[in-house]
Amino acid sequence: MDGFWLGTDLLQYTVSGLTIGAIYALVAIGYNIIYNVTEIINFAQGEFVMLGGLFAVFFMETLHFPVFAAFFASIIMVGIVGFAMERLVIRRARNASVLSLIIITIAVSIILKGTAMLGWGKDPYSLPAFTSGGPILIGGAAVQVQALWVLAVSVAIVVSLTLFFHRSLYGKAMLACADNPSAARMVGIRVRQMVLLSFVLSAAIGAAAGVAITPISLMEYDRGALLGLKGFGAAALGGLGNFYGGFVAGLLLGLAESFCAGYLSSGYKDAVALILLLLVLFFKPEGLFGSAEAAKLKRF
Amino acid sequence: MEHPAQKSQAPILELSDVQMSFGGIDALKGIEHVVPEGIIQAVIGPNGAGKTTLFHCISGLLKPTAGSVLFRGKEINGLVPHRIAQLGISRTFQHVALFKTMTVLENVMLGRHTRTHSGFWATGLRFPGMRSEERQIKQRAETYLDFVGLADVAHLEAGTLPLGKQKILEIARALATEPRLLLLDEPAGGLNMTETEVLGALIQRICQNGTTVVLVEHDMNLVMDISDQILVLHYGEYLASGTPREIKDNPAVIEAYLGEN
Amino acid sequence: MRKTDRWIFAFVVLLIAIFPWVVLNISAISNYVEVMIFAGIFSLVCLGLSLLMGYAGQISLAQAAFFGIGAYSSGILTAHFGWNPWLAMPVGAALAAAVAWVVGVPALRLKGHYLAMATLGFGVIVHIVFNEEIDWTGGPSGMVDIPGLSIAGWRISSEIQWYYLIWGVVFLALLFCFHILHSRVGRALRAIHEEEVAAEAMGVPTARYKVQIFVFGAVLAAIAGSFYTHYVTFLSPSSFNLMWSIRFVLMVMVGGMQSLWGALLGTVLLTFVGNEWLQVFADFEVLVYGTILLVVALFLPQGLIAILRRDFGGSRNPISRVSDEG
C-alpha cells in the first residue's frame, strides 16, 4: 500500500465520498425546499430517491426507454407522487400538531415503501450508466463515468435552483413564502400552490438523485429510510433551510462516510452519518452554517 | 399564606444594570431598581417598553446579557426557572398559561410541586409517605382555591372557565408555590371593571399576607389604586419611579404615554 | 377517575385471566394464547412509550432499540456466559437505562422534528451495532440456543405458564404507571406536555423529568426484551429495527395516546393484526401498517379510546388537542 496520504486509496475514497455525498446533498436540498415553505420535515424524502431509481428501472427494462428518457420519465413520475402526497395528505394535515405531522410523513414513507415492495419485490435492481465507457483514470484512481454523471447532475440541479429562486417569478414567490407566509399571501402569492410546488420539486430532485446513483450502488425498496436519514443529517449539519449549507454538508458527510468505510470499518459506515447527525442535533442544532438565534425562532 | 410580613424594609429584589439584547434589539438597556419587601410594586410603560422581558429575566426564562438580578441578596440571573421558583419567586403569564385539560384543583395542586418531594419510585410503589403527602397537596390546594374564591369550580376543566376566573386561577396556582415574590404579568388584561376590582382586592390580600407583588399592568386605575410604588419603563430604559401620586404628575411619564399616540 | 380505573382494572384482569380457558377450547383460535403472549410483551414496551408520548408529550422512535438492548443483554449473558436469566434481566435493564440517560439528556433538550430524528438516528445506530457485532450477537443470522426461564426450579414451559407470567408482569407495570399518573409526578408530566414553560416556572424540573420518563420507558422495554429472548430463544436484529419502533408508536397511537388502557388496547389489536390476521397478506403488511398509521394520524389522532370514552365516559372531555410542541 502506498504512503498513507499520497496513495491512490485516498483519491479513490475521496471520489466515492464526493459521489455519495452529492446524493446526500440533493436529499438535503429536498428537505430544505419543503422545510423553507412549510416548516415540515418530510420523513418520506428518502423514498423519493428510492422511487426515482426504481421507476427508471421500470422505464428502461419494461418499457425499453433509452436511458435519458427513462431519467426524465422517472423524475416526472416521482414528481407526480410528490404532487399526490401534498394534495391527498399534507393538505388535510393543515392544523395537525407537530407530532401528528411527524407521524403523517412517516406513514407516507411506509406506504411508499410498501408499495414499492409490491411493485418491485425485495431484490436490488441496477441501471446501466448514463454513458458507456470504462473507468477514467485520474491521478491513479479509477473513477467510474457514472460518478461524474452524479456530480454533473447535482451541480446542474443546484445551478438551476439558484436561477429558479432568484430569477423566476415562481421561485421568488417560494422564497417569499418561506420568509413570511402571511405577507406573501397578502401580496397575492398563493401559498397553497407554493406548498404543492415545493413537494413536487423536492420529489423530482430526489428522483434525479435516485436515478443517478442506481448504476453505481443499485436500488431496492427499503433503501429510502437510511438515505432520508443521512440526507437529513446533511440538512441539519448545513443549517436547516440553508441550501448551500446543505450541499456542502452533504459532500462532507459523504467524504466522512467513505473514509470511515475505507480506513476503519465498512460495516459501520452507515453509522458515521448518523453519529454526525446526533452530534449536530445535540451540540449545534443550527448546523455549521446556520445562526443560533434564527434556530431558536423556528416553529419547534 | 401565612408567612409573617417582614417588618424590615430589606430589599427583596434588586435589579442592577440589567441588560437584555436579542440579535440587534436591545430590549432592556440597564435597569436599576430596588423593590423593598412587602409592597405592591407596579411596572408600567408603553408597549414595547420591555416589561415582560424584565419579568422573564427575573423568573429565569431569559438570561440577562449583562447586569444582575438579586433576590433577597442572592444573585439569581442565570439560574434555571425551576430553581428560581424553589427559591421563592412565582409568576403568572400574559397569555394565561394554564394547564387547560387539567381540572382547576389539579392546576393548583401542580403549584405545590416545588414544596413537595415524592419521587418516581415512591410514587410508583405508593409508599405511605407519598400517600399522606398527596392528601396534604390536595388539602393545601383547596385552601388556596378558597382564598381566591374559586372553590366552587374546583373540579371543572381549567380551559372551560371564563377568562376572568382563569386569571384568578393562575394566581392561585402561583400562590401554591408559597412565593415570597409574586410576579403578575398583566393580570387585568381582558377583565371588566367588576373583575378588575375583585382582582385588586385579591392582590391586596396577598400582599397583606406577606408576599411582595410586582405587577406589569396597563390598567392605570388598578395601578394607581393598589400600588405602593411604580416603576416606569420606556423603550427598555428607566424613565421614572415613585409613588402613584408622584408618577401621575410626572411630565416625562405623561409625555411618554402621550407621545406613543 | 381513579375509581373508574379500579373497576376497569378488575374487569380487564378478569378478561385476561379467563381468556386462555375460553380460547383453548376452540381449536381454530387456540393459538391466540401465543399471540397474546407477544401482545403482553409488546404492551410492556408500549406502556413506557405511552407515558412518554401521551403524557409528557415527547416522541421516541427508538423503543425497539431499548427492546433489543434488553433482549441481547439477556441472550448474551445467559447463552454465552451461563448467567441465571433472572440476574441477567436487571443487567439489561440497567444498561438500557444508562444508554437512555446518556442519549436522553442531550436529545430531550430538542423538540418536535429534531427529537424525532435524534431518536430515529439513535435507534438505527443501535440496530447497526446488533448487525455488526457478530461475535456477540450472531449478526443477521441470529443468536440461538438461548435458555428458557424458570422460577425457583420450576421451568416455564407451556404457553399458559408464559401467558400468566407475562400478563402478571404487565399488570404490575400498569399499576406502577397508574400510581405515577395520579400523583404529583403525573401532574408534572401532564403540565410539561401542556405548558412546559409554565410548568418550569412553577418549579417542575422539566428537563429532568423528561429524561426520567424516557429512561423509565427504556427500562420497561428492556425488561420486555429479556422476556422476549427467553420466550422465543432466538434473536435476530430484524426484530429490533426502525419498522418495529414505528410499530410501537402506532400501537400507542391507535389505542389512544393519553390513556394507558388505550396503549394496551392498541397493542393487543395491532399484535393480532400483525401476527394473525395479516398472515394471508404478508406482502401487504408494510402497506397496511402505513395506511393505518396515516388514517389514525389524520382522522383519529386521539385513538380508539376516545371513541370508547365518548360512548361510555359521559361528559368528561378527552384531550381537546393532540400534543403540541412535540
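Each chain carries a letter (A, B and C) given by its place in the written order, and its residues are counted from 1.
Methods note: a contact is a pair of C-beta atoms (placed from the backbone, for glycine too) under 8 Å apart; a residue touches a chain by one contact, two chains touch by 3 or more.
The shown structure was predicted, so the numbers you read here are calculated from the model rather than taken from an experiment.
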By mean Cα position, the chain sitting nearest the middle: C
Farthest-lying chain, centroid of Cα atoms versus that of chain A: B
Whole-Å separation of chain centres (CA-atom averages), chain A against chain C: 33
Could you grab the centroid distance between chain B and chain C? Build each centroid from C-alpha atoms only and quote it in angstrom. 41
Rounded to the nearest Å, the gap between Cα centres of chain A and chain B is 49
For chain B, residues contacting two or more additional chains: none
Going by the contact rule at the top, pick out the chain B residues touching chain C in the complex. 59-61, 80-82, 85-86, 90-91, 93, 97-102, 106, 109-116, 118-120, 123-126, 130, 133-134, 137, 157, 159, 173-174, 177
Per the contact definition, I'd like the list of chain C residues that touch chain A in the complex. 53, 57, 59, 61, 103, 106-107, 109-114, 116-118, 120-122, 124-125, 128-129, 131-132, 242-243, 246, 249, 253, 283-291, 293-294, 297-298, 301, 321-326
Chain A residues touching chain C - in the complex, by the definition given at the top: 41, 43, 89, 92-93, 96-100, 102-104, 106-115, 117-118, 225-226, 229, 232-233, 236, 265, 267-268, 270-271, 274-275, 277-278, 281-283, 285, 299-300
Which residues of chain C touch chain B in the complex? 176-177, 179-180, 183-188, 190-191, 194-195, 197-206, 212, 216, 317, 319-320
